[in-house]
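As written, the chain order gives the labels A, B, C, D and E, with residue 1 at the start of each chain.
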Amino acid sequence: MAQSILKEFNKGLWEQVPPFRLVLGLCPILAVTKSVENAVGMGLASTFVFVFSNLLVAMLRNIIPSKVRIAAYIIIIATFVTVVELVMQAYTYPLFLKLGIFIPLIVVNCIALGRAEAFASKNPPLASVADGLGMGIGYTISLAVVGALRESLGNGTLLGHTVFGPDFLPFRFMLEAPGAFVCLGLVLCVMNLIGKK
Amino acid sequence: MREMIKMVVVLTVLSAFSGGLLASVRTGTKDKIEQQVLKFQKAPAIKQILSDVSNDPLQDRFKIMDKEQELTFFVGKHDGKPDAVTFETAGKGFGGDLGLMVGINIESDAIIGVCVTTHSETPGIGSRAKDDPKFAAQFAGMTMDKNFATKKDGGDIDAMSGATVTSKGVCVAAQQAQDIYTRLKPEIQKQIAQMAN
Amino acid sequence: MFKQNKFTVSHAPFWHDGDSIKAMNLNIMAAALPATLFGVFQFGMAALGVICLSISSAMAWEALFNFVSKRPIAIHDYNAAVIGMMFGMMLPPTITWWAVITGTFVAVIVGQQIFGGIGGNPFNPAAIGVSILLLSWKNLFDFDAALLNYQFDFTALAPLAALKHQGPGVVELFPISSLVMGNQIGSIGSVFGAGIILGGLYLIIRGYIRWEISLAYILGIIVTAWIFNITDPSKYANPMFHLFTGYTLFGAFFLATESSSSPVNLIPMFIYGAMGGFLTILIRNIGSYPDGTLYAILFINLLNPLIDKIRPKAFGKGYEQCAK
Amino acid sequence: MGDYIVLAISCILINNILLAQFLGNCPFLGTSKRMDTAVGMAMAVVFVIVLAGVITWITEIYLLKPLDIEYLRTLSFILIVASLVQFVEMFLKKSIPALYTGLGIFLPLITTNCAVLGVCLINIKEEYTFLETLVSSFTYSVGYGFALILFAGIRERIILARVLKPLQDTSIGLVTAGMIAICFFAFIGMV
Amino acid sequence: MIKRSFIRLTEPKLKCDLVEPDPKEPEAIPIPPRMILLLNEPLDSQRESIIKKGDMVKRGERIFLYKESQEYVTSPVSGTITAIAPFTGNFGKVATYFVLETNTKQDIEHSFAEFAANPGIENADRYLRGIPGDPPLKQLADPENRYNRIMITGVDDDLMCTTRQYVLTRFREKISKAVALLKQLTGINDISIVIPATMANLSAFNGMNLVRVTSDYISSLPPMIMDKHLGTPFVPGKAGKDLDVCFISVEAALSLVRVYEDKQPVYDKVITIIDKTGKRSRVTATIGTPIHRILTQLGVETAEQDRIIIGGPLRGIAAYTLYHPVMPDMDTLIVQARGEIPRVSDYPCINCGKCVKICPSKVPVNLLVRYLEAGLYQEAADSFDLFSCIECGLCSYVCTAKIPIFQYIRLGKHELMKIESDIKTEAQDV
């Protein structure tokens, strides 16, 4: 039992790490990865939503009639998104400002709905939570990796600390919109390369 | 039919649950959020403008109803004498409203400084209005009889190159401040006098 | 019975006009030579260093990429060298060495190799390289930095930047004749208007670039700038000034005509070129950059696949229905 | 009038919903492999975004704001979008089958297109008036379609180019999208 | 080989060679002891052929492989079949070849005289498919085809070829007979003769419809003639039954005249041979003669890795063996020296646009070739006008990247035709 739960958790970390393997949830990974801080914030907010929506969906999986299941999932996800939104507004306001409309937009993040539909609606709550947590952490790590790349190259810093020394002229392109696309594209290529082995 | 009823019931209960949860979270965070907005959006701008005051302008604030709009004024004291007010006005930028905090010395009727609070401009270009010290510095020291418009429109302000609309938006906000200040000066003085007591 | 020879068996046609990618690239480099040599003469050994580093690092990057991706090393077709040369010609002589190497990496690998190498790039690789560099390190592209190092007997201001900041009054500081003869501040390869025209004409005569694009581009520049100029001469500079400053001519003859990112049909070529000229002037006059050539060219590259769908009706097309 | 034109140009070219605001990338990469699907998706997006923009704006101004329940915005908007898509799909199927065959398959995809919800939220966040909402919804979606169609044009060629295996498909698509975003920098500062 | 000129503002104009003003009589190649015959039908090991090794055939006798076979090859000599084997041609098309030992005694197939007394298109198709010039008798006899016009082409369809022009000038007096014969055979009254624009002394053609084409390359290709001179649209991808014009080479027309005049089969084909130095000679050889016979007699050297081209330099095919037989439509034989052979490359299209500029049928070659390279033939045909191509070979000739474009196009068409015919046979089976 414990082993299978661990398996559900692990798959989100590598095998099916959402933005790279499943190519889902690309918008936030492009938009909020200007710094590691934003990226991790976004990742944790998403994780919260994944975990709780998965939990609730799994708990209600036998009650929700299949005809309205998508609507029900959307309500559940939207509820938790709003909770996150309010909580972030109250406690981490600067981060909330930086993430902007991408917090409410977690609701249309395909990962949330995708996991609810593909996993939580068929599995018990515990496994679903493990799945949501795994996916969420995998997503957070992915965001953080892209964020670290963009922040360090584009700004010369990592979590606010200078990394390449004072003489480094930051490669600002990485922080601009085109840089986000190019960077993610190349990271995806590297992931494809690693995945092949 | 039974299924139909079930569907309706489930969705209603779900919605009710969601509404209830959100309402309670909302109530729990409401005050905190208001504080945060004040702290993170207004405070830095006010601090920047009234950098050498002896009091905390966030504490010494009052509200005046201007037409249908409620305006909050923050008062700055130099050597215990309240001689500066700051308040926020809005101009139109690229993608919507652009908030501008304007500080005015009530004795000389001259602008102490301006600072952009909120904006949703193109990253990298419009946001220069917030970061570009040269642009904002142009306003400092200007008295109320000056024309706060870009040189293109026959005023005294040099527009930021490549951000004409944003520059215009800032100017519009400044003109509004000018307008409000001239209109409400007696009221402001009255309030400040009250406060001093 | 005599001895049976082995014969070469291949497909028709058995003739070829003898042209090759290598010949094409060598010709392009030869055509770019007058402007480059003038740049070297004007800006000294620093400019030569930039050009050499740019060409060699571009070739090295391509070779490295080919090696890593296990493809046949193809630097002998001088394709990377051409990109390197174009890239180097667009740089100011004062640029630092590591920016050149990063830039050629972006141009050759991100701009072309990852799209499958020669022929696959949807955008002009050199333009991609320079524009990304420009986004990252604007200060390195300050042409006026040349002022510190050189003594010139002409107005040593980058004409377009001066125009942007000081208005069209500066146009008088730059007589057309001196602009044409290269008496201006700018990038290594783009200052010598006459040399670029010479090279461009050579390429046109040799049939290595499509004259329709260059012509339409220049006409687009002149017409648009002229319209702006007559509506308000106090705000907008005259067409000739625009034509001989910045990357305009270089763009018209060397950038916009890059084969894999430009259209091949007649009408699209005219639309493409004219659109490029129009956009260039639009960006210069009402946009935020002093020189809009690069972005204009990238944008028309973007339009290329779409406008190149306008093509003449193929032979006998449209008769299928009648026949049935 | 001038303001609306400025807003329109800004929404289509400068603040392009896709390339500058990063919204709606999944369907962008998914439907741009062929020109005809790109055109279909573009039209469907324009259709739905304008409808959704207007309806959510009305909901916000006449329902959420007066009742002071703005915190239910996300919830109500996503439900509106989802049911709108369903409704449009049913309506088209019955009334305009010709349009349905063209757009039908793209409609379900649109529910999860964050550009739709994104535009609705932007309209509210920027406190647009009704007319501005109309203009911004229309032009944002046109900008989306414009970028999508241009991208499809390029992608049709890239698919045939000799792109290395690990770079193929999404990876090279993203890099190309980045370059398209550079192209759109051309318009910065124009309004 | 015509190299790129220094100035290349306009597209290169390739000129077809004109026949020399006073051509020499062709040298006759004697009938060799061993002949090779090609039959356009694959050998099927499952079935029993009606023709066997050791069988005797007579001059003019038709050789069928199987009982129900439609395709036949006529034996040009009397002899004994010593070998039957499969032959692989272009695109892996499989045919069958027969080796024939020539008998000393030559006699004519007995049914031939009977046939020759009875002119008619059906009969002509039954006996005369293999005569020099390769007349399109099968198409003319097919009742599904509705031709209402015949063009006798006295111009060659490739750069260095002059055989048809030679035949036209040499036998111009017989043209009127050919026209009359074709009218009688086919019942089609509208018959024109295509002649080079430069041809003088036209008295022999009095009263006939003449179409004069310039010596620019491709103006002599049938689609071009239809488009320029007849006002009949060229229809992409359609042959035979959808066209109303039938093209027949002047040599074929004259062979028909000879057959009916002499009441005996003819098999001596006029061939122009161009050696490595560009020297041109002309021979008449019996169909079925291995080409090494011709080359040896003329003293044309061939070396390792040279190329033997059957047909012209832009549209011909390369032979891989000197035992390739003389075919009814083999007008020209070119030996290309090893050093002259242009190599193709593995480069992708660099979009230089030269092919698009030069393409006479306005095909978007730059895009077409990408789709063909990827094997997307159906898409190439649907959206990129594959079938508008008139197969002139100019795109490959000018290609900077040296892509074998022409071959890709032929392959694409071939594959599509194959799919189509597969579908047809399946439909028939059902």
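Here is the rule we use: contacts are C-beta pairs under 8 Å (C-beta built on N, C-alpha and C of every residue); 3 or more make two chains touch, one makes a residue touch a chain.
Treat the numbers as computed from the prediction; the structure is a model and nothing was measured.
Q: Along the graph of touching chains, what's the shortest path length in steps from chain C to chain D?
A: So the least number of steps between the two chains is 1.
Q: Could you find the two chains linked by the most C-beta contact pairs?
A: C-E
Q: Going by C-alpha centroids, which chain is farthest from chain A? Tell me that one.
A: Here the answer is chain E, farthest from chain A.
Q: Indicate the whole-number Å distance between the mean C-alpha point of chain A and the mean C-alpha point of chain D.
A: Computed from C-alpha means, the inter-chain centre distance equals 22 Å.
Q: Distance-wise, how many Å sit between the C-alpha centres of chain A and chain B, to the nearest whole number?
A: Distance between chain centres, rounded to whole Å: 33 Å.
Q: Using mean CA coordinates as chain centres, what's the gap between chain B and chain E in Å?
A: 86
Q: How many Å are there between the centre of chain C and the centre of chain E, using C-alpha atoms for each centre?
A: Those two chain centres are 47 Å apart.
Q: Two-or-more-chain contact residues of chain B, please, as numbers and ranges.
A: 18, 22, 25-26, 123, 125, 161-163
Q: Listing for chain E: what residues touch at least two other chains?
A: 348
Q: Can you tell me which residues of chain A touch two or more of the remaining chains?
A: In chain A, 71, 75, 78-79, 82, 86, 176-179, 182, 189 touch at least two other chains.
Q: Can you list the chain D residues touching chain B in their complex?
A: It comes out as residues 3, 6, 10-11, 14-15, 20, 71-72, 75, 122, 125-128, 188-189, 191.
Q: What residues of chain C sit close enough to touch chain D in their complex?
A: 69, 110, 114-117, 119-120, 122-123, 128, 131-132, 135, 279, 282-283, 286-289, 292, 295-296, 298-299, 301-306, 309
Q: For chain C, which residues count as touching chain E in their complex?
A: Where chain C meets chain E, its residues are 2, 4-21, 24, 116-120, 204-208, 210-211, 259-265, 311-317, 319-320, 322-324.
Q: Give every residue of chain A touching chain C within the complex, in rising order.
A: Residues 169-174, 176, 178-179, 182, 189 of chain A touch chain C in their complex.
Q: Name, in rising order, each residue of chain E that touches chain C in their complex.
A: Residues in contact with chain C: 1-4, 6-9, 12, 159, 223, 227, 233-238, 242, 292, 296, 302-309, 311, 313-322, 334, 336, 338, 341-342, 344, 347-354, 356-357, 360-364, 366, 385, 388, 390, 393-394, 396-402, 404, 406-407, 410.
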